[in-house]
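Chain nomenclature is as follows: A, B, C and D, assigned in order of appearance, with residue numbering initiated at 1 for each chain independently.
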Amino acid sequence: MVKVGIIGSTGYVGAELIRLLLNHKKVELSAISSNSFEGQHIENIYGNLKKALSLKCTAAEEVVSSSDVIFTALPHGLSEEIAEKCFQENKVCIDLGADFRLQDENEYSKWYGKAFSKPHIHPLSVYGLPELNRNKIKSSHIIANPGCYPTSIELALMPALKEKFIDTDGIIIDSKSGTTGAGRGLSQTTHFPECNENILPYKINEHRHLPEIQQILSEMAGTCIKVTFVPHLLPVNRGILSTIYCSLNGAQHADKIYEIYKKYYEKESFVRVLNVGETASIRNVKYSNFCDISLHMQDESNRLIIVSAIDNMVKGAAGQAIQNMNIVLGFDEKDGLEFIPPAF
Amino acid sequence: MVKVGIIGSTGYVGAELIRLLLNHKKVELSAISSNSFEGQHIENIYGNLKKALSLKCTAAEEVVSSSDVIFTALPHGLSEEIAEKCFQENKVCIDLGADFRLQDENEYSKWYGKAFSKPHIHPLSVYGLPELNRNKIKSSHIIANPGCYPTSIELALMPALKEKFIDTDGIIIDSKSGTTGAGRGLSQTTHFPECNENILPYKINEHRHLPEIQQILSEMAGTCIKVTFVPHLLPVNRGILSTIYCSLNGAQHADKIYEIYKKYYEKESFVRVLNVGETASIRNVKYSNFCDISLHMQDESNRLIIVSAIDNMVKGAAGQAIQNMNIVLGFDEKDGLEFIPPAF
Amino acid sequence: MVKVGIIGSTGYVGAELIRLLLNHKKVELSAISSNSFEGQHIENIYGNLKKALSLKCTAAEEVVSSSDVIFTALPHGLSEEIAEKCFQENKVCIDLGADFRLQDENEYSKWYGKAFSKPHIHPLSVYGLPELNRNKIKSSHIIANPGCYPTSIELALMPALKEKFIDTDGIIIDSKSGTTGAGRGLSQTTHFPECNENILPYKINEHRHLPEIQQILSEMAGTCIKVTFVPHLLPVNRGILSTIYCSLNGAQHADKIYEIYKKYYEKESFVRVLNVGETASIRNVKYSNFCDISLHMQDESNRLIIVSAIDNMVKGAAGQAIQNMNIVLGFDEKDGLEFIPPAF
Amino acid sequence: MVKVGIIGSTGYVGAELIRLLLNHKKVELSAISSNSFEGQHIENIYGNLKKALSLKCTAAEEVVSSSDVIFTALPHGLSEEIAEKCFQENKVCIDLGADFRLQDENEYSKWYGKAFSKPHIHPLSVYGLPELNRNKIKSSHIIANPGCYPTSIELALMPALKEKFIDTDGIIIDSKSGTTGAGRGLSQTTHFPECNENILPYKINEHRHLPEIQQILSEMAGTCIKVTFVPHLLPVNRGILSTIYCSLNGAQHADKIYEIYKKYYEKESFVRVLNVGETASIRNVKYSNFCDISLHMQDESNRLIIVSAIDNMVKGAAGQAIQNMNIVLGFDEKDGLEFIPPAF
């Protein structure tokens, strides 16, 4: 049994990691830490875990020392030091925060207001989108788990950008996210009476996931890509739906595009390209590691609309982190992630 | 035009008072105050008020000095002094907090952890449930606006208790409330991802509305009544539904009971006794000042089940306060309150 | 008192018309009809109307004969005959269906599968968007009340198109609508367990509101406009939020654009252009006739993002119909529509 | 691998059975049937199943012939014949409908409007509440899977009734259920705009689960028990919360009662008795087979309040059916059911 630990286990991402790791037959949860709840039993913080786990929250150092794989689910700026330590001790660090997602330190400074604190270890890290970087992930010890919005967007656009049949200019991304994306912390926008019966666009063109999206799309396309990205807060618990608008490079047959997408993802366990006439929605992926993608074309124009849906807490966070762990450890990528999304 | 003001205008009750008072043709909103937002324009705090009201939040004293009727919507313990001042200046104070609801100071101390600060003015106040105390309200200058749960429960039980056909022992009240009842303040229980897709019983037999309920039911029955009261937090914005279980004093015809209820409330503008076969629900009263009541009997037992529904922010708070204001000022009780509940 | 009637009063639009018309001091609801519920009391179909209205549903002809203004809220193809009759009898017909929205009969046939049945009366009708056609509405007897999506989109784009500072090519509209837009009829997509906790894009580039949107935007711009339009079904009862992406014709100062929008709508009672830094959302307009519009620019690009929000049942249907009635009858445009949106 | 099949696989209970059985390592889904969708692929009906299952819906007979264990999820009156056939062929039938729940044929006729069609096989069936009838279930071939409301209520009251410390008279049960309990069929009460933002009491003292509840509680107590039972429809997808009011037989220490409950269920895998001060809620059990029970006493009275929570589709239907299958087949009772409820 591989020993795994979570640093920052009482936030929402940490709680979801616990749930999923307890379903994984080849790993054992050895230690969990929490700044806010150190010394407390996790089942007293998350009542859903009663009879399932009674670990006490400990300190971050203990998690590192007692685990082979360490998941960090922390506010930005706190994972670099832990990652360095893991690297020195030949352990694997999978970071679910933002510290290793951006390669360009200037870009990081601009969006996060601080420099890298351990710049020398950044080149050792890999961006953990398995469908893009599977081989690099296998041999890496520091994995930057992608953001939730970026996951939904990058998977949706990868075949089109790699196969170069869309215009890399003018891509517009209208994303809608459930409220768990905002985490456990309280705010007026996630206060029930203000969030319920509403939909709220926010951080229009100012969301910190924007540079990550642009970095990865640019890498996929082999050219610099700037996008328009508008996230919206939805009155649901889970899920991200991204509606993506782009232009085809000249006339294309719908059949051809479907074929490319289907082929591109045919060996992927967690990406489902829907059939003509079907539309991706949160409902069919929630509580699962699936990303559903549907394609929509207008007859009269060269517009391609791509809709993608993921569960922001699973494929958008904890599930993808476990998928990365499976790759690093040489397990079957589906281990611990084979649960079917419920129909309702 | 009568001048009215609100002290504590930026909490949810205050915001609802503003909305309703702006629809009232015979009063003018002269001043509003807020501790948290003093000096700010109300439309910048509540975007719904744009183009409707651009008052600045001022201090409590200014509200008193510039208004004839003062609504206080404050945490407990802060209204007594204001009410005293209103009384001295021959103004009307309608308190939407808890300071004047309990007559017995010991009971108040027990539940609120402090004594009355102005005990001499308490005998001057009246409990502002119009259907019970209309005549006393007319000549009072300090009105204790009832709590939301108590309103739904007292209206449901009044005919049965006054006409003495139910057992005053063993009454069980299972209430369900929308989240606006918890106010604007943030908490983990009203954080969207934890409140949504849930129902949470809370403060079982420990809710501060319990002594108020027992005081008024006892007054109605002319004998001391103790009840079992379990509130539940519902994942909806508005409304309270109370399902009340009691025992009939001996066999009674359902027809007779309906007749008593219908007759009891036939002249009331805001109480609707439903017909046989109909069931009260939040949907039909929300955003209105109505209280719907339905009656349900079991053939084989002497059990009577009463279901009542109100909008907690209207009949349970701001609407009833305006109804009380109308009574005090000699207006038609329906003035400013005639809006129809939307069907959806 | 002007006599008004509703044909098709038991659908959702009809029910909302009843609610609003009962709040209007200068009109009297004389008759309502319903195919499904003829002969039944409306309060037995819509429990919210108890104590407010006890009219019986009658036949369409009776509504016409007993009213001066007739609202038709019917499936497409059923209003033309009624409108003709109204016209002959010198009455006003305000159609909340689709029969008079499209000027081009070919376009109508293409989207609705039938020809006009009374082509000669179509030239007599006017498209009832008051902010666009106020003067024509004043003297018209057949008013085509705009669709809900089109209202939210046309008001958002009108200043930009009239003042010609955006590119008329490549406009992308991502709209999100509450479930009441689908009406009272049952369907799997509005079945609670399938709609809740989801967001569903539907009729991508195939929605019947598309030709209406294109017709009016083209008229505003003075040139043919084709747009991309993707509606989404939201798990809320009310409201439409449209996020609209367009390109500026060359560099423009944000201040300038705000100034144009503010100026354009400064005399309009129901359009609120928000300030820099504010974002439109359903929450602030629901249950009201307001349309909120916010503007968002990217520094580095020439992209303009416009967000607009309306209540689909009020400004998007019944409220706008009453606004049209007020114009035709020479009333103040705000009569019966001055209610403030609730904060929650 | 044991072969299992589902008759009535496209209703909500069937869909949930599929999801759970696909997670079970010791069984194989051999065939599924559906009247409405015979001949269609299940993944085209339930998009969540894409990449997980592509069985075609077949006829009921084929399911019986190709399976060792047959789950029937059918409207009442349709399972008896199938159960008889299973019995004759020495197969196991687990019925998730109502056909075998009531022992008394008169009672069945009264509530379901028809007699037993195969009365001779009823004595061979067992009521499949594992915590009550584990030993009988082991050797039975016809298992009546309990109703959802009854499961939540019977588990809550079993220790109190078996240990005889509550009054068997006057028990009041106020239950609240998510909308999936009403199934896939459309109705006005589960139409999103009418169900959302509401709570609706329904079938007050007339719900078909009432005789089942009374039968089992009576059996537990060894005396005839009549209860008051009011179900409410909640605007959530999943879960049942039952708030149960009963009277203690004389004074009892809270500690003692907790001890009895904890002890009673200490060996049960799926029942969690919460600690003093904790309250059961849907949130902590949803998507799991757990039943949470919390106990609440009033100091001054002899009232005991029991709150229980289950997921109506899991412990209240498909999960419990699989638990029964595990018992019959001699598997570990937790096989395929060990998933942890998500925190949100």
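By our rule, contacts are C-beta pairs under 8 Å (C-beta built on N, C-alpha and C of every residue); 3 or more make two chains touch, one makes a residue touch a chain.
A quick note: this is a predicted structure, and the numbers were derived from the prediction, not measured.
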More contacting C-beta pairs: B-D or C-D? The answer is B-D
Let me check something: if the centre of a chain is the mean of its CA atoms, which chain is farthest from chain D?
C
Separation of chain A from chain D, taking each centre as the mean of its C-alpha atoms, in whole Å:
36
Rounded to the nearest Å, the gap separating the Cα centres of chain B and chain D is 39
Centroid spacing, where centroids are CA-atom means, of chain C and chain D in whole angstrom:
46
Would you mind listing the residues of chain A that make contact with two or more other chains?
12, 180, 193, 196-197, 235-238, 281, 283, 344
Chain D to chain A touching residues, read off their complex:
12, 15-16, 18-19, 22-23, 46-53, 180, 197, 237-238, 269, 272, 274, 278, 281, 283-285, 287-288, 290, 292, 313, 338-344
Where on chain D does chain C make contact in their complex?
12, 178-180, 184, 186-188, 190-193, 195-197, 235-237
Which of the residues in chain B end up touching chain D in this complex?
170, 172, 174, 176, 193-194, 196-202, 204-205, 226, 228, 230, 232, 234-239, 241, 243, 245, 279-283, 286, 296, 298, 300-301, 303, 305, 307, 344
